[in-house]
């Protein structure tokens, strides 16, 4: 089996994704959970760039554009997410994610 | 200075902009609203002059600029601008009269709290009217047509706190809407038959030979050519908008609006839109002329309606005592004249009369507005009188307008245009009845106008208000004077000796005149008739002025029955109330009854049936079915509870589940050999 | 290749440490470092415009928002002690995360990938701009609307309900 | 319009920048050790002792070691020891003088109360501010020799005040002499025991202090008061020398006054 | 890696030796080294030159600022150390170096140490893309403008680190103020030069300078500041740059009188000096950016002045801008927090957005000539002035000039 640079990029991104996932799963602070999700998003972006870079048509720039949009969306997500965290904090006086379970069935 | 047809949209766009500004201006921004409206109108006037120059450079051509409005599946709905002498002359007239009336309004409505709203509406009306004129598509024309109706509604009901004004606005809107339905139907039919609504489109338009030929070739119910049927439907719209018999009833009531509105909309421009419409689609209306086998030609109907309206309006005007109502019925009558001219085949005479009428009728209305404003909103001529002294300018201009309307020979524009119509009627080979109606109307017109002037300006004041009247400010008199000048001069554009206007309208660049006295018999006759009318009017009202406001009218004294009928306007309103209104009420009552007794009873019966079934069922259910259902429910609830336990509300759990699911999925795919 | 390894180190280690630290501020700062590492990856891959965008957005903007959020929500009960279920959750997280990692690595490593050639010319900013304005106009507009809505939404969410807000947001 | 005020402010500072180069008058500072601005007359920081004569400062101190200032000083930075012997003062009268007079300027708070209470115009405020030292303790503790400054120096730093003080002293001395004369005349007229002829010459100095002390507790800055008050309040002190021509009459008067 | 061509931009053309010598010097020195190392040596020389020159500028600037502030207040300023006080910066440096470095016991030691270092590093990073003269660009990047602001954005982080790590309530308040302020002013700063990018059609610094080459009528330079929208953008940029570099009147994060120097409270000695240096470097970098974007970069203002080397022109413009900054500092009092944010969100941002429209108009009407050119100018000026006046009215609503009864 040959380990190409693309493989390395993908391994990097999957490792980053798993770090983000572990963080999101195990941390109780909603901010950190949000940051974990953000890391996962970034890992996905890494994949876009990797496939663009080593893909058949690197001159097209589609991957770059996709990541550009993804970054914009991530910015929006972070702003709204953190605003939500603050709102939750107002209501619960706590930002622990497990405290915010009013939707419990 | 000339305006290319591509920029023709500027003419309606400017007043629209002014309307927008007016709508956004707070109440205190009087200067801004009126200023914007007047400036926009003035610029539109200049642009219209440019357009006229363009049109006159090649009068026979129909300059068009078409564009696609939106795609409709395979085809596109197309709109466009049209520039020919007809459009250009109309635009110049509307913008010129409009500008003067706008200026007049600043004086007339000076004390009104809703000044800015008024100018907003006026500008909206002007925009719609100009859009109607420049439209090269029946659809665009119809849109503007409805907008004009809306503006008219808003302006008639401008003083909506007066119940009569609100009612009049509603009446005008609904009545014209009856006609508009015909127009809409005609439009749809036209689109169905030809696939286009553009008037001129380089051979593809509905007014061009290809389409007309197709329309004439088909026949429909009763052996009518399709073109005839469509033309008559479109003419319905004209009947409504132009106040023709039998839909003329709204026009006199529309005088509830402010007088400048009456002048602009219900005398000079909007009501002429019907005439303009017929003139615009004249090729369509006259397409069936060559067919011998059809039961009736479209133009014949037009002529008949016109003649009836002309005579009817003139008759009713004789017995009215409200200064604006007299003028309103006179408008009805004059519009009848125009329709008559259209019907007898001389659309240029109709347009000529339209133009001259616009000026002198605007003049008359503004004059009456001046009188009303001076006399503190006293409109009853029986209570006016003796205003000749204090209001010289108004009197002079009003008299000029009266003479133009009455058709005093040679000097006044109304004479020439009316002569043109009478000549056309005389030359019509179908029937001479319209001619006779027209001649009768000439006498009556001269008579009631003399009566109006005599009652208003001569004698002595017959009320407090009238005795305190004094001349208005220059803002109001200057437009009057300008209009009076036009009312005199305009006639010379189309004298038989040098019919420049007619020639240009028909697309000729050179003018062929006739000696004035070529058809001298008719001319003489009409001069005599005018003299008779004025003379009898003066004899009855001028020589012995009315003593006081409650004195009997001379005619009323001699022919009380006839006078009562005329004063009651032949009872059209009552007739409609008794027929259409009654029918409406009856239908409503019928629906109510049906709803209440038939449908309701059926529903109640079904309900009772269901209830009975329910009772039966319950007895059966209690023991047999319920037990089973209860058990099922319990199971369901238990399952649901266990599912809902999974809804921990904690985001961690959800995310965990997703991750586990992902792992499982990938494992399944990988182990399944999917990769 | 060494460049990539260094970048991976700079990206992964801070991220991993950040997820393990108790101090949220330290976590946030380390994550910012990790984001900067990702920007370095973009630079390495030849998308320099993207690298700068990443720095501008993540290091410049999102980090600020995160830090602000942390400062606005201090004094939580978690500051005091460890929640009872922390260990279990952490173990579960590690387990599941490890499983995902394994699955992903397995998938990546078992896939034969083409050895891409180096791109002849990287995408220029100008080219990106043209593409953005021509082919992806709609997307650009949608993103603009999205950002506006997100801005408004964030303001509405974060604004306190009552007028006497400031003392609420300790 | 927005910004016009900002531009005005910028104009002002621009004028300052340019102006301070071509117009040195605008500079509000001086190059201190080389140049010094003249201190305002009312500037004061620490007290000093007035001596009548510059050549013999110790001999002509006005201070009679009455110790009022020592008692009144709020931070208690004055330390006085009376002399055992007496020396003639400027007027030639025998007086006690301060054997030790120390002021700790590291403690002194420049309140000027010592000056206000001094009945003999013997302690005044100085203008020396360059007293920085490298020694925190001894160098800031000023002794009698460092404190004594001649009256001419007083005139130099506070000309107005010094002239006023001198005038007042002169007037008091005159008034005392006249009263002494009158007293002497009265005594002669009574033909009582006209004791010592030189004594009445000395008493005015003693009594001159008394009204001064009384007045000083009220206000120093009332030059008009002492002459007016002198005849009125002079009566008990006038009796004092007769009753007990004690050495420390001022001290006892100081006690009697409150 | 991609930047290598920039490092070795050849000194081409018929420039004078005076113009070319920096590049020649670098290439000559690099020539002594084996080829694989040449790029490294070249870069190092550039870095050393930048650090040395701007270190010197920083030193001179501290003195200049104190001198000028003195003049503003009618004082001569420092004049004791050396002739005219010229050695003052050295004395200051020695003082700073020898001072005791105090770290609070409860501080976050690592971050406390990292903050000044990071701040300085980020501010020096920004110098990498500024063209100091013809061909004198350390790093020629396609997206240089973006790089500049990406590097500048990171300085906020350092200030936050400093404030938070100090474990001092004043420092933390300062950190939060700094965050709010820097975020608020990032927006107008970025928006103010978007028109330029729009008009120039490039994100490259040299590209932008090339767009400003030439003269109208032979004597008015085609700099962007000499257009209505450019002038407005320059003003917005200047205000935002003042705020971004924490200079008075926007020095709220430091605010000696309110926050006892804010995030600097717990810093002393050399770390303090580093903060100081970073602030001045930031100011210099933003000035350099302003010069590049609005003032034609290193270009001479008049054709016959082109014989003066380009880097001197850059230096002259830089000096002018720095003097302006100092002048402003000497004049205006500090804003309040609410005034600060209101100025940004209610005035500068809308104004910058309007300005974007104005620039778009300018770009669309570039074909107009003759009398239309006048109309173009008129409309553009109106588009700048009218929003300015209206927004300014809104901003100063309810704020009348104060009248002091007892002054």
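Each chain gets a letter, A, B, C, D and E, in the order it is written, and its residues are counted from 1.
One rule holds for everything that comes next: a contact is a pair of C-beta atoms (placed from the backbone, for glycine too) under 8 Å apart; a residue touches a chain by one contact, two chains touch by 3 or more.
Computed from a predicted model, the values in this text were never measured in an experiment.
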{"item": "Labels of chains that are neighbours to chain B and to chain E", "value": "C"}
{"item": "Required steps from chain B to chain D (each step between touching chains, minimum)", "value": "3"}
{"item": "Chain whose average C-alpha position is farthest from chain A's own", "value": "D"}
{"item": "Innermost chain, where centres are averages of C-alpha coordinates", "value": "E"}
{"item": "B-C compared against A-C, more contacting pairs", "value": "A-C"}
{"item": "Most widely separated chain from chain B, with each centre as the mean of CA atoms", "value": "D"}
{"item": "Rounded Å distance between chain A and chain C, as computed from the means of their C-alpha atoms", "value": "6"}
{"item": "Euclidean distance of C-alpha centroids - chain A vs chain D, Å", "value": "84"}
{"item": "Between chain A and chain B, centroid-to-centroid distance (C-alpha), Å", "value": "65"}
{"item": "Junction residues of chain C, two or more chains touched", "value": "46, 49, 53, 61, 68, 89, 92-93, 96-97, 100, 104, 122"}
{"item": "Set of chain B residues in contact with two or more other chains", "value": "652, 656, 659"}
{"item": "Complete list of chain pairs which touch one another", "value": "A-B, A-C, B-C, C-E, D-E"}
{"item": "In the complex with chain B, residue positions of chain C that touch it", "value": "89, 92-93, 96-97, 99-100, 103-104, 106-107, 110-111"}
{"item": "Residue ranges of chain D touching chain E (in the complex, touch as defined)", "value": "1-3, 5-6, 9-10, 12-14, 16-17, 19-21, 26-29, 31"}
{"item": "Sites on chain C touched by chain E in the complex", "value": "25-26, 29, 32, 46, 48-49, 52-53, 55-56, 59-61, 63-64, 67-68, 71, 122, 124-126"}
{"item": "Complex contacts: residues of chain E adjacent to chain C", "value": "2, 108, 111, 141-143, 146-147, 149-151, 153-154, 156-157, 160-161, 164, 172, 176, 179, 182-183, 186, 201-204"}
{"item": "In the complex, chain E residues that touch chain D", "value": "68, 71-76, 79, 327-328, 330-332, 388-389, 391-393, 395-396, 401"}
